[in-house]
Amino acid sequence: MLHHTFIKVRGYHLDGYQHVNNARYLEFLEEARWGYLEQHGDIEHFEQLGLAWVIVNININYRAQATMGQQLRIDTEFSAINTKSSIIHQKIWLEGTETLVADANITFVCLDKKTGRAVVIEGDLKHRLEPRLTNQIDI
Amino acid sequence: MLHHTFIKVRGYHLDGYQHVNNARYLEFLEEARWGYLEQHGDIEHFEQLGLAWVIVNININYRAQATMGQQLRIDTEFSAINTKSSIIHQKIWLEGTETLVADANITFVCLDKKTGRAVVIEGDLKHRLEPRLTNQIDI
Amino acid sequence: MLHHTFIKVRGYHLDGYQHVNNARYLEFLEEARWGYLEQHGDIEHFEQLGLAWVIVNININYRAQATMGQQLRIDTEFSAINTKSSIIHQKIWLEGTETLVADANITFVCLDKKTGRAVVIEGDLKHRLEPRLTNQIDI
Amino acid sequence: MLHHTFIKVRGYHLDGYQHVNNARYLEFLEEARWGYLEQHGDIEHFEQLGLAWVIVNININYRAQATMGQQLRIDTEFSAINTKSSIIHQKIWLEGTETLVADANITFVCLDKKTGRAVVIEGDLKHRLEPRLTNQIDI
């Protein structure tokens, strides 16, 4: 259930070191997650339920530099569904190579907009997300 | 009635050309406008009136490059108040020098949030803003 | 010779007003220009000549708000080639509608990286760019 | 040896959820690190040695939302100096309160620009950084 997003590195993505800036990668990852959610019809679904996915942790490894003109491929998948949180795992590859540019775990809670509290991931919610879990274990 | 904002150029402000990116200057200008509005108590005032200042045009000249570690000073002032729009004029200087890095005219309309339409700038609204106009003419 | 770039509005493109932020549009326009230059093989060509295109003015009209989930189409074309500067004209449309979200003129000079001075656009340089001019007049 | 940076939340820092976007916090943290390095004269020092500090990991917890007009205080300090990497620990507070908005560990390596390899943190380099370690243990 791997989802792919492609982003080409442009001049405005770089910083003074001539490589993609550390903060910009988080926008790349967010772009990929919106694409993933869209593909699964999640955006409208959670909107209707009055639930918002709120990030509580991002743990990102920067493994290789990406520079001007390079094509990146971002792989996005659910890697864990816990009682009150879920983890989306994302890998940024230099497209067409075996070079891993960055990888990250994004931990979310599912917030009830009315109460402002994280809901327990059970019932329909769990059934919706669980089939997307990959067997692939990422640390 | 000139307002000053100071911003130091950092690595993440630069792009692949090692100078501040064209889009980033618009964030610098926005930062300075918030500072200006705050100083005059405008944010709460217009919030209470149900009015939102919405940008309809930005015309910015990029005159000199700004790079890592340089200190910028942004001067902000009202330069025109028209029937339905106003112009804020901003200049970005390399602090302590006569180098003008960029200058811009930002044209706003004052939107009534209920109707979604631009209001006529008259009465109290005009009296509030008019004294801030400088005699200094900028083209 | 119109070039199209498509960008979907995501949550991170918005600002506190829930619409695409004024500075973000300049990144959208830059994205589109890189796509345009790439399509014409300009990036490597000017790199080899030691020439850099440097923005000296952006004049952008914000005509309609763009919000979450909307698909934007950016049209990019050369609209003027002057002695020492050129103008790229760009329009941002709400895809599939007649709604013009923004339009902008981007004025460039062609900088000789060795001398740091703008070159005269003549000879091969002029021959390369001139055929791309559209008859369409934009004010 | 705690260093403080102050940033006021502005409209352009927010995203569609009306709170500071996850990627923007990384710019806030980078701003604070530049301020820290500057205070200690590190920027020129490492420049002269031909060393670049390159981020290999960011682990950030988002603990509370920050919204329009709030004043943030960012505390920056070294929390670990290992053989080939160092950790800078940063906390983002809602100024004047006990609300922790976010906290992050930023892991760096010290890259020799000539070889492109991480150097061992020993000798003068270690002596320069070690006194800055705080006793305060952050997990």
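As written, the chain order gives the labels A, B, C and D, with residue 1 at the start of each chain.
To be clear about the criterion, a contact is a pair of C-beta atoms (placed from the backbone, for glycine too) under 8 Å apart; a residue touches a chain by one contact, two chains touch by 3 or more.
In this text, all values refer to a predicted model and were calculated from it rather than measured experimentally.
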Counting C-beta pairs in contact, does A-D beat C-D or the other way around? A-D
What is the chain whose Cα centre is as far as it gets from that of subunit B? A
The distance between the C-alpha centres of subunit B and subunit D, rounded to whole Å, is 30
Between subunit C and subunit D, tell me the centre distance in angstrom, where each centre is the average of that chain's C-alpha atoms. 35
How many angstrom lie between the centres of subunit A and subunit D, each centre taken as the mean Cα position? 23
Scan subunit B for residues touching two or more other chains and write them down. 10-12, 17, 21, 23, 27, 30
Going by the contact rule set out above, which residues of subunit D touch subunit C in the complex? 11-18, 21, 23, 68
Subunit C partner contacts - residues on subunit B that touch it in the complex: 17, 21-24, 26-27, 30, 52, 54-63
For subunit A, which residues count as touching subunit C in their complex? 8, 10-12, 27, 30-31, 34, 43, 69
